[in-house]
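To start, the structure under review is shown below, and the notes come after it.
Note that the chains are named A, B, C, D and E in the order they appear, and that numbering of residues resets to 1 at the start of each chain.
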Amino acid sequence: MLGLILAQEILSPQALSVLGAGLAIGLGALGPGIGIGLLASGALQAIGRNPEATPQIQLNMILAIAFAEAIAIYALVVALLLKFVA
Amino acid sequence: MLGLILAQEILSPQALSVLGAGLAIGLGALGPGIGIGLLASGALQAIGRNPEATPQIQLNMILAIAFAEAIAIYALVVALLLKFVA
Amino acid sequence: MLGLILAQEILSPQALSVLGAGLAIGLGALGPGIGIGLLASGALQAIGRNPEATPQIQLNMILAIAFAEAIAIYALVVALLLKFVA
Amino acid sequence: MLGLILAQEILSPQALSVLGAGLAIGLGALGPGIGIGLLASGALQAIGRNPEATPQIQLNMILAIAFAEAIAIYALVVALLLKFVA
Amino acid sequence: MLGLILAQEILSPQALSVLGAGLAIGLGALGPGIGIGLLASGALQAIGRNPEATPQIQLNMILAIAFAEAIAIYALVVALLLKFVA
């Protein structure tokens, strides 16, 4: 009977939504993190090759970071929804 | 008895197909997303190196994006099938 | 009682082997797909840099593709074994 | 009845926290490991291209490794918390 | 009752250790495989650029392959332990 109650608690929609929230932010942070690393790597290499172009490179780097960051924020929103919205 | 009913609901084919649909589109969007990023990166670098070749590069970039996008659409189709077709 | 029967169906070796088959071909296609993309990228860049070396590059590209493809076929074989062999 | 007791043991919060700890350090070591590989690759190539700049490159490489290593330590902390803190 | 027995068999520590062994070698072979591919790619490109340096490149390549291979052997050891040690 205790096993049933435990299984009920663990397999309940609320309990599984916690797992889903963890997966959402965990996997959802993977891509944007790698992506920002890649684009910043490119920007830093470009600045190293041609330091006079720093303003344009910086502007475009921040623009691209914003889009990648937004994807991470989508995952954050979904994770918080899964955790706090019934 | 409630535990059994909950387990029945969660482990039923319909419930698991929802999980499968999430995995299908989640993992299926991973590859094409990275792939389009890689090929667009190559295309942008090629245009930066040789701006006069922009038309050919753009044409081939769009051609390659179409094939990568198609893979994402396969995953979308499978996810929608898993969700809505019994 | 219905819950028990459902759990029995879902957690039975046959049912789990279906899951294993999906994982086998799903994850087993990941690596060779990326690998063939990488090696073909290198081959195409090499041909673009030195078009006269196309025959040797093509020969070695096909040789390497064959080995990568073979890994995908291993995954396919395992997936089909899991699905159809009891 | 034995099945219930086993399910109770395996699906209990303590048992699942062991699984979570494995996932935490397993996935949490993935990113920093790859990241340190990438940044050390860049540092070694830079030293190979311009050996006179070794001191600055080494300094910045160690700085960047420290930040990447810190992320792995976060995962280690979470894994140990999940394992030993009730 | 059959469902309980099946669940007991599948969720027993021995059954789950089989799953863990599969995950251990499956995920543990991922990183070293990619890593050896990356380092051999670098070695081959270096030999192509400067064939006279082949002995040193080959020596260092084999050294690095040994360390990457060792990581795969760790995963193999853990997988065999999970499978055969109670």
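A few comments on the model shown:
As a working rule, a contact is a pair of C-beta atoms (placed from the backbone, for glycine too) under 8 Å apart; a residue touches a chain by one contact, two chains touch by 3 or more.
On a predicted model such as this, the values are computed, not experimentally measured, just so you know.
At the interface between subunit D and subunit E, under half of the residue numbers involved are used by both copies, so each side presents largely different positions.
Distance between subunit B and subunit C, defined via averaged C-alpha coordinates, is recorded as 17 Å. Subunit A and subunit E have Cα centroids separated by 28 Å.
Taken residue by residue, subunit D touches two or more other chains at 3-4, 7, 11, whereas all remaining positions touch fewer.
Contact topology of the protein chains: cyclic, one closed ring where each chain has exactly two touching partners.
In this entry the chains close into one ring whose order, counted from subunit D toward subunit E, is D, E, C, B, A. Those residues of subunit B lying in contact with subunit C across their complex are 3-5, 7-8, 11-12, 16, 27, 31, 35, 38, 42.
Partner subunit A is touched in their complex by these residues of subunit B: 1-4, 6-7, 10-11, 26, 30, 33-34, 37, 41.
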